[in-house]
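Both of the next two complexes hold subunit A, though its partner changes from subunit B to subunit C.
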Partner chain A sequence: MASQADYKDRQFLAVIGDEDSVTGLLLAGIGHVTAAPDSQKNFLVVDNKTDNAAIEAAFERFTTQRKDIGIVLINQHVAERIRHRVDTYTAAFPAVLEIPSKDHPYDPEKDSVLRRVRRLFGE
Partner chain B sequence: MSGAADREAVFPTRQSLGLMKAKLKGAETGHSLLKRKSEALTKRFREITRRIDEAKRKMGRVMQIASLSLAEVTYAVGGNIGYQIQESAKSARFRIRAKQENVSGVLLPAFESYLTEGNNDFAMTGLGKGGQQVQRCRETYARAVEALVELASLQTAFVILDEVIKVVNRRVNAIEHVIIPRTENTIKYINSELDELDREEFYRLKKVANKKQRDNAALDAEMKQKREDAAERDQENQAPEVDNTGPSDILGAEEDEDVIF
Partner chain C sequence: MAASGDSTIDSLLQRYLALLDEYTQLRTSLNTLQSGLYQNLARANFSAERGIRKYGQDYYDERMQAMRRVEATTNTKGAFPTFAVIRHEEEGSSFTPPPPPAPAEPAAGEDGSDEKTDSRSTESSTSEKHGKDRGGGNNNDGKPRQQPHKTKRPSSDPLRWFGFLTPMPLRLAQGQAIQAVEELIPRLASVSAEMADVEVEVRRARKKRIKANAAEEKKRRQQMEHMQTRAQEPLRGIE
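What follows is the complex of A and B.
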């Protein structure tokens, strides 16, 4: 398992979500911008105008390219837009977590991990 | 399970029989060990899935409260502060650290959140008004993120355990359904071949013994014949006339003299 080798330097969380969720999580202090030259943010604000390609690119960047992110938080309605990507993502690091947003209540049926739990127990 | 097809390619010798027996024993030990490992992992796995379920529900509640407090902030500040916050975020105050836990040989990661001291990107947020609400909102969200971090570590453990359990079960099944039957078949094959060899050997020995007996008997007969011939020749030479009288008939050939008392 190669994924266990590089867990040490993963110390940030990343967020993909609507404005309110991102604002709240940034207030909690998870926002991080890397040093000046490329200055990558670890959050992405998604609204109706954001297209799916941008979301996918951000998801890709947070999950595979950056090695310092341990947890990716993604709003469930945003995850729904790139569902195929989220469902096919099976690596342990970073952990992808679907969180509810203000306008969209949390639906356990759509969560990729919970669906796996259900399938395993044959429900 | 066809006896001839599913076995290892070995020569049926006593040495390979010993090897196969050792192998069978090893496979059985390994099977029981792996089975126990799989059971321990599955127990842990079930516990984790249960906790994930709980944590997901808790997350729903916590996030709801957090959203509410953010709405309070928006109301108190009197405008959207999202843009300002996104721009002023520079360095993460809330970070995570991964540590590992060992469950029967499987390293499970667990995230742990910690706050770095001394940097506050949002010192100016809510300076005009609503500072108290902003402060409260930050605390609420910090608690929410803690719950999320806990959930994330459970989820990571879930993913890793799932994978490991699959691998272990595959091994258990391979040993149980492929390796052990095949080794047993090989042992059976070697035994039957060795028995066959034994029978052949026994038959051969019997044949040899028979032949020897026959030869001996023939030799004995010949010797006896020779000896008799020699004896005959001797007698003829020594007393040829004795042969005529021979043993006299005592019952009735000659008249006995009457016996007078």
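What follows is the complex of A and C.
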């Protein structure tokens, strides 16, 4: 169970996704850069050159290291690249949500929540 | 005993299916909204002004501050969190005029030449904090600003990263993104968290039912054995 102090400070959304997904969400005003010298961003733009280690490091940073993230949004096709990491994540805070991207529409087969549903019904 | 366990599981599964229904509906809405957003972004990029390659990361403000923030609460039992995304008002964003300067106290700044009036120091500190497109607070004209309350801080609206005359599709994309962030995403996160909680309860109830069934089976077997021994007792007496 999450303690009260644990979730009260979790006030930011974080995004890991392609440029259009990140731009779209930043347009909504969720982007945040912490004060210098850390200057930590709450988003990661993933392209073809981004390696899986960088995505995994960002996921780790947003879910485990940083204590100010409440919801992590990740493109489903990016989550596929670190599927083992996303599927084994079970903590209540921050919540992790997979979102569609421009080139990769939402696939219910890959959705971790619907996978949990299938597991519950014994499939 | 087992019947009560069955009804508990049934009611939990009923609740779970209602949540699943809401989850899939929210997913459909989010997909529709996101695809509209991407279309509008593509339209904006297509009709981008000369000089703008793409509305993307090249224009992000390196000092951006979140305007919309998460507010997480847990229910009374503290079992699962509920998320909301609310608009965050920046400190001092209400444009209230600063308090009248105390004439006896000079402003404590590092640049002595700029401290003729407090209103100027207030203005420059505001500029340093909040804006890069205001010329960095360089008032080389030497005229102190008399009405600091009339000055406006630069807007923290992310649309401004891309210039002042942004195309309509980009503004539409922003509206869709705000709707997704304020309405759908927090609700999806909340429903997903509640589903996870119900899953735990269902598994717990199933385990309990298995235990109850096992205990019932054991009891029935003991009763059968007891009845068998009692039935054999008169036969032994005859022997």
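Please note the rule applied: the second predicted complex is superposed on the first by the 117 of 123 C-alpha atoms of A that agree within 3 Å, B and C clash if a C-alpha of one lies under 4 Å from a C-alpha of the other, contacts with A are read in each partner's own complex, and residues count from 1 in each chain.
Everything that follows uses one rule, which is that a contact is a pair of C-beta atoms (placed from the backbone, for glycine too) under 8 Å apart; a residue touches a chain by one contact, two chains touch by 3 or more.
Please read all numbers here as calculations on a predicted model, not as lab measurements.
In the superposed model, A:10 makes contact with both subunit B and subunit C. In the superposed model, A:31 makes contact with both subunit B and subunit C. Shared contact residues of subunit A with subunit B and subunit C: 1, 4, 7-8, 10-13, 19-20, 22-33, 42, 45, 70-71, 73, 90, 92-93, 95, 97, 99-102, 105-106, 108, 111, 113, 116-117, 120. Residues of subunit A that touch subunit B in their complex: 1, 4, 7-8, 10-13, 19-33, 41-43, 45, 70-71, 73, 90-93, 95, 97, 99-102, 105-106, 108, 111, 113-114, 116-117, 120-121. The part of subunit B that touches subunit A in the complex is made up of residues 49, 52-53, 56, 59-60, 63-64, 66-67, 70-71, 80-82, 85-86, 89-98, 100, 107, 109, 111, 115, 121-122, 125, 134, 137-138, 141-142, 144-145, 148-149, 151-153, 155-156, 158-160, 162-163. Interface residues of subunit A facing subunit C in the complex, by the touch rule stated above, are 1-2, 4, 7-8, 10-13, 19-20, 22-33, 39, 42, 45, 70-71, 73, 90, 92-93, 95, 97, 99-102, 105-106, 108, 111, 113, 116-117, 120. Residues 16, 20, 23-24, 27, 30-31, 34-35, 37-38, 41-42, 54-57, 60-74, 78-81, 83, 85, 87-88, 156-159, 170, 173-174, 176-178, 180-182, 185-186, 188-189, 192-193, 195-196, 199, 202-203 of subunit C are the ones that touch subunit A when the two sit in their complex.
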